[in-house]
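In the two complexes below, subunit A is the common chain; its partner is subunit B in one and subunit C in the other.
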Partner chain A sequence: MTSGMFELLGFGPQGWGLPLLKAAGVTIAAALCGFLLGSIFGIGGATLKLARPRALRLIGQAYTTVFRGVPEILVVYLFYFGGSVILTTLMNTGGFPGFYSLPSFVIGVLAIGIVSGAYQTEAYRSAYLRLDRGQIEAGTACGMSKLLLLRRIVAPQTLRFALPALGNIWQSALKETSLLSVIGLTELLRQAGTAAGSTRQPLLFYAIAAAVFLVIGRATGAGLNRMESHLAKPWRR
Partner chain B sequence: MASASRPAAADNASTVPAIAVDGLHKRYGAIEVLKGIDFRAHEGEVISILGASGSGKSTFLRCLNLLELPSAGRLQIFGEQVDLRQSGDALHIGNRRQVDRLRTQVAMVFQNFCLWSHMTVLENLMEAPIHVQRRGRGEVREEAEAMLRRVGLIDRAKAYPAQLSGGQQQRAAIARALVMKPRGLLFDEPTSALDPELVGEVLKVMRDLAAEGRTMLIVTHEMAFARDVSSRIVFLEQGRIKAEGLPLDLFRGGVNERFDQFISRFNQA
Partner chain C sequence: MLDWPFLTDVLGQLLSGLPLTLQLAALSLSIGFALAVFVAGAAGSAFAPLRWAAKAHVELFRGTPLLLQIFLIYYGLGQIAPLRHSALWPFLREPYWCAILALALNTSAYTAEIIRGAIQAVPAHEIEAGRACGMSGLLLRRRIIWPIALRQGLAVYGSEAILMIKATSLASIITLTELTGIAHKLISSTYRIFEIFIVTGAIYLALTFLMSAAFALLERQLQAHHAHRRA
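For the complex of A and B:
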C-alpha cells in the first residue's frame, strides 16, 4: 500500500506528482492574474464610487452590487458562454466560419478578476475614506500637484490601510480558482478529480488537493502578514 | 524683546509688500465669511491675527495660499499678482503652477501638525524640497538635518510622527516648512492642539524665527505671545478687520472698544 502510494504520487511515469504540481502552478497563476486584474477593477471601481458625479457613483455601485451578489460560478459560466458567443459572432462576421472560444485560462482570469475587483473596490474605497484630510491638505500647501499627492501620499497610505482586507480577498480568489474546473481548466481540483477517477482513490487525491490549497494559502498569507506588519510600522507608537 | 531686535521693515512703504490683499471676500453659499479685507504684510513683519471663534481667521489665512479660493478680491505674493479668474460669481485658479510655486514660498503650519504619517520625520522634511522644488537630495538632506538640529529633533530624525509628542510633531512641522526656504510663514493656531506643558517649546521656536526677521502671519489665542512677539496685531470680527496696530498700543486698551472687550474676555478666562 505504502509503496503503491509513493508510486501514485511520485514523479515517475505512473505517478501523478508532476501533473498535480503543474495544476498547482495553474491554480496559483490563475489566482494571481485574477487578483491583479481585480486590483485594476478595484481601483477603478473605488474611483467611480468616490467620484462626484452621481452617474459615476451609480455605475460603481451597480458593479459591486452585481458581482458581489451573483454566485461566482454563474459569473464563470456567463463569461464562458458569453465570451464564445461574442467571439464566434465576431469571427463569423469577419469571414471565419466555425465555433470559437477563448482559452479557459483567460475566461477564468477575467471572471476571478471581475469578482475580486468588486470586493477590492470596497477595500480601496474604505481605505481611502480613512485618509487624514489634513495630511492631504498639508501636501497641497507644500505645492504638490494632484498627481504628486496621489503618488506620494494618497496611494501609499491607501494601500497600507487596504492591505488587511486585500489579504482576505486574495485568499478567496485563491479558493475560487477551483470553480474554473467547470470550464475545463486543468487546475488543482480538476487534476485531482482526473487522478481520483483513474486510480479509484478519490479520498487520497482530494485530500492532497485540499492540503495543497492550504499550503499555498498559508504561505502567501504569511507573506502578506509580514508585509502588512512592515507597512503598519509607522502607525505604531 | 524680540520685537525690538527685528528690523523695522513694517513702515518701509517703498518695498514691495510680502503679501497684499485687496477687497478679499469669501462666501460659503449664502454665508459671507470674509466681507472685504484689505491687508498688507511687509517682509520681516510678524503679524498676529486675533479674533473670536468663527470670525474668519482661518479662512483668511487659508485664502492667502489658496487652500480656500476667495470669492472676490486680489492677491499679491511678493510682488507677484496671483492669477485668479472670474467664472460666474466665483474665482478660480488661473495658473496651477504659479500657485504651486507660490505655496512653497508661503509655507503653512497647521493646528494638527499634519505630518505625513507613513514617512519618518526626516522624510517629511525632504519630501517637498525634492519632489516639488526639485532640489538635489544631498543638499536637501543637509538642510533638513540642520533644521532638525535647530528645532531640537535631530535625534528623532528616523522616528515616525506617531512616535512623537504633539510638541515634537509641531516642531517637526515647522522644520518641514522651513526646509522649503519659504519667504513667509503662515501659522494657524499652532499651539491649540497641544497639552499646556508642550506649548512653550513650540512658542520658543516661533520666537526665534520672529527674532530672525522672518515674515510670519500667526493666527493664535496665545495673547501673551501675540503681545510680546508680534510687530503688528490684526483683529478680525465677523469677517472684517476691526482693529489693527502695534501690540503695545492695542493691548494698552482704549484704542478699540471691541478689541478691549475681546481681550477682557480672555483675561477672565
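For the complex of A and C:
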C-alpha cells in the first residue's frame, strides 16, 4: 500500500502529483480572479446602496438580495447556460453559424465575482458607515478635493474596517471554486474526482483535496491577519 | 414578452421539488444542531483530547467545500469494507442519506461555533447573580446561561439556517431531484435559462424570506420581557 501510494501521489508518469498541483493552481487563480472581480462589484454595489437617489439604492438592494439569497450553483448555471445562449445568438446573428460557449474558467470567475461582490457590498457598506464623520468634515475643512479625501481618509479606513469581513468572504470564494467542477473546470475537486475514478481510491484523493483546501485557506488566512494588523498600525497606541 | 404558460408550467414542475428541499434542510438542520451541542460541549471540556477532536471537526468542516464533503461521503465511504458490510450500508448507499449526513456534519461545525460564542457572551454578572441565589450546575445552566445564550445566538443561527436552505441545492449534484435538480433538468432540456433562473431564484428568495421572518418573530417573542426598554 505505502509504496503504491507514493507512486500514485508522486510526480512520475504514473503519479497524480503534478495534475493535482496544477489543479490547485487553477483553484487559487479562479478564487483570486473571482474575488478581485467581486471587489469591483462590491465597491460599485456599496456606492449604489449609499447613493442619495432612491432608484440607485433600490438597484443595489436588488443586487445583494438576489445574489446572496440564491444558491451559488444556480448562479454558476446562469452564467454557464446563459453565457452560451447569448454568445451563440450574437455569433449567429453576426453570420457565424454554430454553437459557442465561454471558457469554463471565465464563467467561473464571473459567477464567483458576482456572488462574492454581493457579500462584499455589505462589507464595504458597513465599513463606510463606521467611518468617523468628523474626519471627513476635517478633511473638507482642510480644503481636500473629493478624490483626495477618498484616497487619504475614506479608502484606507474603509478597507481597514472591512478587512475582517473580507477575510471571511475570501474563504467562501475559495470554497465556492469547487462548484466549478460541475461545469467542467479542472480545479482541485474535479481533478481529485478524475484521479479517484481511475484509481478507485476516492477516499484517498478526496482527502488529499480536502487537505489542500485546508492548507490554502490557512495560509491565505494568516496572510490576511498580518495585513489586518499592518493596516491597524497607525491607530495603535 | 413574457411567456406566462411556460413560466407557470416551470413553477409547477419546480414546486414538486420543494418538499425534498425542505426535508433536506429540516433534517440536516435538526441532526446538525444535535451534533453541534455535543461538539460545543466537547470544545469546552476539561479533557484535552475531546477539545482537540472538537477543534479538528470544526476546522475540517468549515475549511473545506461542502461539495467535497458530499463527494467524500457519497463516493468515499463505500471504500471502507467494514462499513459496506455493516447495518448502516443500506442507508449510506443512498444519495439521500449521504446528502443529509454531509449537510448535517457541515452545519454542525458552524453551529458549534455559534453555540460556543453565544455561551461565552453570557454576561458574567448574570451568572454571578444566579450563583448568589444559590443556583449551580444544571439549574444555573437551565435557568440563566442557556436562555440568555439562546437569545443571543438566535440571529446568527438564523443566517446559518438560511445558508443551509441554499446548501441543499448541492444535493442535486449527487442525483437528488430537489429544486435545483429539477431546475437543472429543465434548463438542459429547454435552454431557457433566464426564465428558469428567475422562477427558481424567486422560490429560494421566498424560502429565505420566510425563514428570516420566522427567526425575527421568534426573537421578538424571546425578547418580550425587554419590550419596555424598546419604547
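As a working rule, the second predicted complex is superposed on the first by the 236 of 237 C-alpha atoms of A that agree within 3 Å, B and C clash if a C-alpha of one lies under 4 Å from a C-alpha of the other, contacts with A are read in each partner's own complex, and residues count from 1 in each chain.
By definition in this document, contacts are C-beta pairs under 8 Å (C-beta built on N, C-alpha and C of every residue); 3 or more make two chains touch, one makes a residue touch a chain.
In this text the structure is predicted, and so the values were computed from the model without any measurement.
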| item | value |
| --- | --- |
| Clash or fit, subunit B versus subunit C on superposed subunit A | fit |
| Touching partner for A:140 - first (subunit B), second (subunit C), both, neither | first |
| Which superposed partner A:156 touches (first subunit B, second subunit C, both, neither) | first |
| Touched partner set for A:210, first subunit B, second subunit C, both or neither | second |
| Comparison of subunit B and subunit C by subunit A residues contacted | C |
| First, second, both or neither for A:53, with subunit B first and subunit C second | neither |
| Partner chain in contact with A:234 - subunit B first, subunit C second, else both or neither | first |
| Contacts of A:95 with subunit B and subunit C, given as first, second, both or neither | neither |
| Subunit B versus subunit C as contact partner of A:13, first or second or both or neither | neither |
| Touched partner set for A:201, first subunit B, second subunit C, both or neither | second |
| Smallest distance from any CA atom of subunit C to any CA atom of subunit B, in Å, after fitting | 27 |
| Common interface positions of subunit A, toward subunit B and toward subunit C | none |
| Subunit C - residues contacting subunit A, complex | 59-60, 63-69, 71-72, 75-80, 162, 166-167, 169-170, 172-173, 180, 183-184, 187-188, 191, 193-194, 197, 200-201, 204-205, 208-209 |
| Complex contacts: residues of subunit A adjacent to subunit C | 65-66, 69-74, 77-78, 81-82, 85, 171, 175-179, 181-182, 189, 192-193, 196, 200-203, 206-207, 209-210, 213-214, 217-218 |
| Interfacial residue positions of subunit A with respect to subunit B in the complex | 132, 134-135, 137-145, 148, 152-153, 156-157, 160, 233-237 |
| For the subunit B and subunit A complex, residues of the former touching the latter | 65, 67, 96, 99-104, 107-108, 110, 112, 114-120, 127-128, 131-133, 160-163, 173, 176, 180 |
